[in-house]
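A, B, C and D are the chain letters, set down in written order, and residue numbers restart from 1 in every chain.
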Amino acid sequence: MTDTTYVSARAGTRSTGQRLGRIALRAGLYAVLILFALWYLMPLFVMLTTSLKSLEEIRTGSLVALPREITFDAWKTAWSGACSGIKCEGLRPYLWNSVLIAVPGVALSTLIGALNGYVFAQWNFRGANLLFALLLFGCFIPFQVVLLPMARMLGILGIAGTIPGLILVHTVYGLGFTTLFFRNYYVTIPHELVRAAKIDGAGFFRIFWSIFLPLSLPIIVVTVIWQFTQIWNDFLFGVSFSQSGTQPVTVALNNIVNSTTGVKEYNVDMAAAILAALPTLLVYVVAGKYFIRGLTAGSVKG
Amino acid sequence: MKMKHLFVATTALSLSALPVLAEPQAEVLHWWTSGGEAKSVAVLQEEFAERGGTWTDMPVAGGGGDAAMTALRARVLSGNAPTAVQLKGPAIQEWYEEGVLADISSVAEAQGWADVLPAQLAEHMKCDGTWCAAPVNVHRVNWIWANKDILDQNGIEMPTTWEEFNAAAEKLQAAGVTPLAHGGQAWQDATIFETVVLGKGADFYQSALVDLDPEALGSDTMVEVFDEMRTLRGYVDDNFSGRDWNLATAMVMNGEAAFQIMGDWAKGEFLAAGKTPGEDFLCGATPGDGYLYNVDSFAMFDVGGDDDKVAGQELLAELIVGPSFQETFNLNKGSIPVRSDVSLDAFDICAQTSAEDMAADAEAGSLLPSYAHGMALRGEPAGAITDVVTAHFNSDMSSQDAVQMLTEAVANAM
Amino acid sequence: MSNWLEKQVPKVVLAPTFAAILIFVYGFIGWTAWVSLTGSRLMPRYEIEGFGQYTKLFATPRWDTAMNNLFIFGALFIIIAMVLGLLLAIFLDQKIRTEGAIRTIYLYPMALSMIVTGTAWKWILNPGLGIEATVRGWGFENFTFDWLINPDMAIYTIVLAGVWQSSGFVMALFLAGLRSVDGEIIKAAQVDGIPTHRIYSAIIIPSMAPIFLSAFIVLAHLAIKSFDLVIALTGGGPGYATDLPATYMYAMAFSRGNLGQAASSAMIMMLVVFAIVVPYLYSELRSKHD
Amino acid sequence: MAPILDIQNLRKSYGQTEILKDINVAIEPGDFLVLVGPSGCGKSTLLNCIAGLEPITAGRLTIAGKDMTEVSPKDRDIAMVFQSYALYPTMTVAKNITFGMKVRGVDQATQDAKLKEVSELLQISQLLNRKPGQLSGGQRQRVAMGRALVRDPALFLFDEPLSNLDAKLRVEMRTEIKKLHQTLNASIVYVTHDQIEAMTLATKIVVMKGGVIQQIGTPAEIYNTPANLFVADFMGSPAMNLIPARVHRDGHGHRIEITRARSEPLVLADNRPLDLPQDVIIGLRPEDIAEAGYRSGEAVQQAPCMVDMVEPAGADTYVVSELGGKPVTARLHAETSAMAGQELDLAFDLGKASYFAPETGERLN
């Protein structure tokens, strides 16, 4: 209390010139922030306006201008009419595949990551650090490297080209980061909690379930956002480990956007791109607030 | 009751005794995803379905088939190969050497492919003497497409030598027209390059880009080729980088540019936009004698004795080479049928020219596989050459340096 | 006896993960190392032929370009994203009224894959369509912004788009860091009459060292794995001026049919990763042990 | 009666470093054992070993007659109160207290009854629906104790439970714990670094240093007859005065000669039947040095001493004087007229004096 009064008292004695300077500074600050906001929004703006234009207008007008006449045809086409190969069903069927891959993939990698992080943070044993280091290093392996051996492995396991196969791949390569997130979060929780619960008679899983999991909301949000974005946006695994009928939305989007012959329907491309990205965008917008909070809650504290 | 039991029993017996009638199935991996191509594939699918087959579509677009090849490799390694795959050129033989291709000789022989396919093209479909792929079409790569109006306005004829082309280009440039529409993608650079090489003679093309003769690659003629490339670079507008080929075609169509050097799939764009060959646009072979072909084909992968899939492969192979699909597909695609017995009456003047030239060039020994489209060389040396070509085209590298790099890169890739 | 079993539970819980990374990470790295010593082309073959692939790799100018690009891109991308992220975080930390909205705007690019935004970026950066054309349209005829088509500058467009995508995330990390700095220290400094910029440079930023480390690791990971970015924006062009090791490797493996070469380039990439990550892991796990 | 807790030859090491060396302790039912020592002495490790939270390297440990050496914490019939209270942050107070019973499958009615009983005993009934984050330090302390009490274990373990409280609350809670011990007649092992807590609470004190037990005894034994210099110095506040001295034997007993920097040596007589070597360290509690005239008895001897410092502490006033090169504290009555820089007659009561060997630090009498 005293500190603030002191500071405000000092501020009160400032001259008008200084106050004007402060206001100018403040205005400058907002200007910079808004300028950057515009920069970040620019591609989305281009995509959105293009998706609302007719092909005719795209051909004749400036790409970065606002649409003269708004039409949602492109969105309809992208949703249910755009062709990917001989099927012209738009993105709709593929979106469902992505959901079938992303939801279990996120859930599994988050749950296993949480358990791993819980072990690394609270049940340390000899050699655990080495294990953790090995796991972290795994985060950095370029995915192009693992494509072929992974394909062979999926074949051996008999889940090549299936959705469970893709879930497995995403779970395995997500574990490094999910474990890191949870471990860094759980190390901030005092060990005494585990000890108290042990004496209360709770075992490993009971302690995790009753005590740690209820504490984990902030970090779960961070992990889910991260994993969902990674899995939903993946193209490389999706194209390599899927077959007809299990292709995720990014592969369909690629088929629509990257077709090299015929008239390019840019408005449909853009609408399709936004549609494909909508779930992740939504997650960021809705959960963004918790994202920062979750990061603050400990995952970044080294 | 007894009767019924007996009936069931005999039926079951007779079924197991007779050869099982397979239901043809095919999962087809291809990258024909755009509107026109997809429609052509749909024709095949309909014919397939009419004959009782089940078609599973597996389109993977992007990077001229790169993404599809990635998927293919993963599928083969996982022991879950697609039934049929869009594959062409020496890549067919490469896959054969990996021991993953199926033999479709029985279909080929039954259908008499050897009689209807030009011998040189048929060789591409064979692996160790057996048939392992079914050809779809023949694209000619060395075409120049031109906007007729622009040429007329500036009093220019279709060039028949590179000197003429350069002169025309200077004139157009002076008139404020972009002479050459081009997209800055490696394969498009390579396409121009191979037509320029062909301009130096079919023999030179053969020794440089098919036989990879180091002497030809390091020759003064090759220096001239790069000189011409540098000249051509000057005729391209500034925004060419990364442009898709069909956008370049659109520039010719809309009168923003005069020429485009591109295979005959470009014609599909003109036709789709309602343009007429000879009236709105012109097609001409690039300067020099010779015919660079690019044959699309489907290879059949080993499906481990699955009767339904084997039946699917045989049916598919039969349909692909069958006259009806050959005609429908190629009318859509801009290419010409690979069968020599399909009537070309329905085809336009450019396609007819293409077919005549092919026959003539086959006689003259100047029917040559396109390197830029993976018909002449295996992936590695072809890629090494393209690296040099595109690096030269997109920088101010001297022709001498380019030739030096070319010989080194090819040696390194052998 | 049951006590012994109970003690094994944590290890049992880690066992599947451990088995998975042993196979799916280290097994595969081993596989890659093996293949890099063979003459594998279209498909893997397992007869060892020696280090020929590595000799070839280092003799390939395109690989040189790719490695150079990795260092240029990596350094610029990490530095700019960090500096920008930190600055934006500090600006946003000044009790900004619309913080929530601005934060979301800064953060959203991370949600989008480059497959989605690639086309838009290509347009924006294309001199004939995007920024250059627009600014010229405003009457500044001499304005040029043609990095995308300039082989010497194209790599910087990759940096630009990369920073666009990741700096918001870094901003979030730093913002979280700023929020968790002990408020009393700042108050104490204010009372001492220390100017705001000095408070940041001398007190707050040094106390966020772990976050710099986290941000660095996330960014390094993105830089090394950058693939979509290049494919979507330039496809490696003009020429191969914007090739990165990841795209080089991909081209070798999947369009050139030269798996052995791809594997050798992957191993070199892995060495680079190793050189960056291992010191970090070492310091990270050392300091954590007590 | 069988000991409720019996530790025999317990050893504990992490790798090469031995944390606990040959620990032997036993307590009877109803005992309040306090483990006291400076930080790092191994007292908390020992408590964790008793709880089963740390495995022991060697030795044997029985609780209520049963060998618990290899038994997991939950089966040891113990309850523990932690320094940080370790309340489960997402559970309400009631759930915190009943969690252990719930885990063990105790039926709801019993849980409710126990909860009611304990919360009334600890006066936290009004807090049951709050979460730990909404409680004050003292309240959390009570909840943590409630969680232990509700279990009704054979043995209670307390790990520095009062160290996070402010001074006033600490004293209050100390009394409370003592009261609980008396009402419940519970057996308790209690770890603290605060020797006053140890003295006030314990029926038995274990003083530890460097993983070794220094002395086991009742508070009085520890206070009056510390086993070595460490215990003498550690227990008691202000600490025992430990003064180097030279011993001369005479007919009656010993004369203790203490040098002084600014005056003649001080010579005191101890006529108890002792056998002391020539060089000793004499230990005198501050209360055994008084202002002349305020203390009488057979062993009381007076001498003028220079006052270096006067520290009024309310009930008492402490006076510091130099003896044997050490500042020696005397505990005087509050109304003393002593002033720094003046001489004052002090009365030394040697009836309770301790003697230690300078080399080993061991007690000599």
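The rule is short, and it goes like this: a contact is a pair of C-beta atoms (placed from the backbone, for glycine too) under 8 Å apart; a residue touches a chain by one contact, two chains touch by 3 or more.
Computed from a predicted model, the values in this text were never measured in an experiment.
Peer 1: Which chains touch each other through the most C-beta pairs?
Peer 2: Per chain pair, the contact count peaks at A-C.
Peer 1: Computing the C-alpha centre of each chain, which chain sits at the greatest distance from subunit A?
Peer 2: The chain farthest from subunit A, judged by C-alpha centres, is D.
Peer 1: With centres defined as the mean C-alpha position, give me the subunit B-subunit D separation in Å.
Peer 2: Whole-Å distance between the two chain centres: 91.
Peer 1: Please tell me the distance, in whole Å, between the geometric centres of subunit A and subunit D computed from their C-alpha atoms.
Peer 2: Here subunit A and subunit D have centroids separated by 56 Å.
Peer 1: Could you tell me the distance, in whole angstrom, between the mean C-alpha positions of subunit B and subunit C?
Peer 2: 37
Peer 1: Hey, what residues on subunit C touch two or more of the other chains?
Peer 2: 6, 44, 129, 250, 253 - these are the residues of subunit C that touch more than one other chain.
Peer 1: Out of subunit B, which residues touch more than one other chain, so two or more?
Peer 2: Residues 63, 70, 73, 76-77 of subunit B touch two or more partner chains.
Peer 1: Pull out every residue in subunit A that's touching 2 or more other chains.
Peer 2: Residue numbers touching two or more other chains: 147-148, 150, 203, 236, 254, 257.
Peer 1: Where on subunit A does subunit D make contact in their complex?
Peer 2: Within the complex, subunit A contacts subunit D at residues 190, 192-193, 195-203, 206, 210-211, 214-215.
Peer 1: Residues of subunit A touching subunit C in their complex?
Peer 2: It is residues 3, 6-7, 29-30, 32-34, 36-37, 39-44, 46-47, 50, 62-64, 112, 115-116, 119, 123, 125, 128-129, 131-150, 153, 172-173, 175-176, 179, 187, 203-205, 229, 233-236, 250, 253-254, 257, 266, 269-270, 273-274, 276-277, 280-281, 283-285, 288-289, 291-292, 295-296, 300-302 of subunit A that touch subunit C.
Peer 1: Provide the residue numbers of subunit D that touch subunit A in the complex, in ascending order.
Peer 2: Residues of subunit D touching subunit A: 48, 51-53, 72-74, 78-80, 82-84, 86-91, 99-100, 103-104, 147, 151.
Peer 1: Applying the document's contact rule, which stretches of subunit B touch subunit C when the two form their complex?
Peer 2: On the subunit B side, the touching residues are 63, 65-66, 69-70, 73, 76-77, 91, 94-95, 97-98, 100, 184-186, 189, 237-242, 378-380, 382-383, 387, 390-395, 405, 408-409, 412-413.
Peer 1: Once bound in the complex, which stretches of subunit A touch subunit B?
Peer 2: Checking each residue of subunit A against subunit B gives 83-88, 147-148, 150-152, 154-156, 160-161, 236, 239-245, 247, 251, 254-264.
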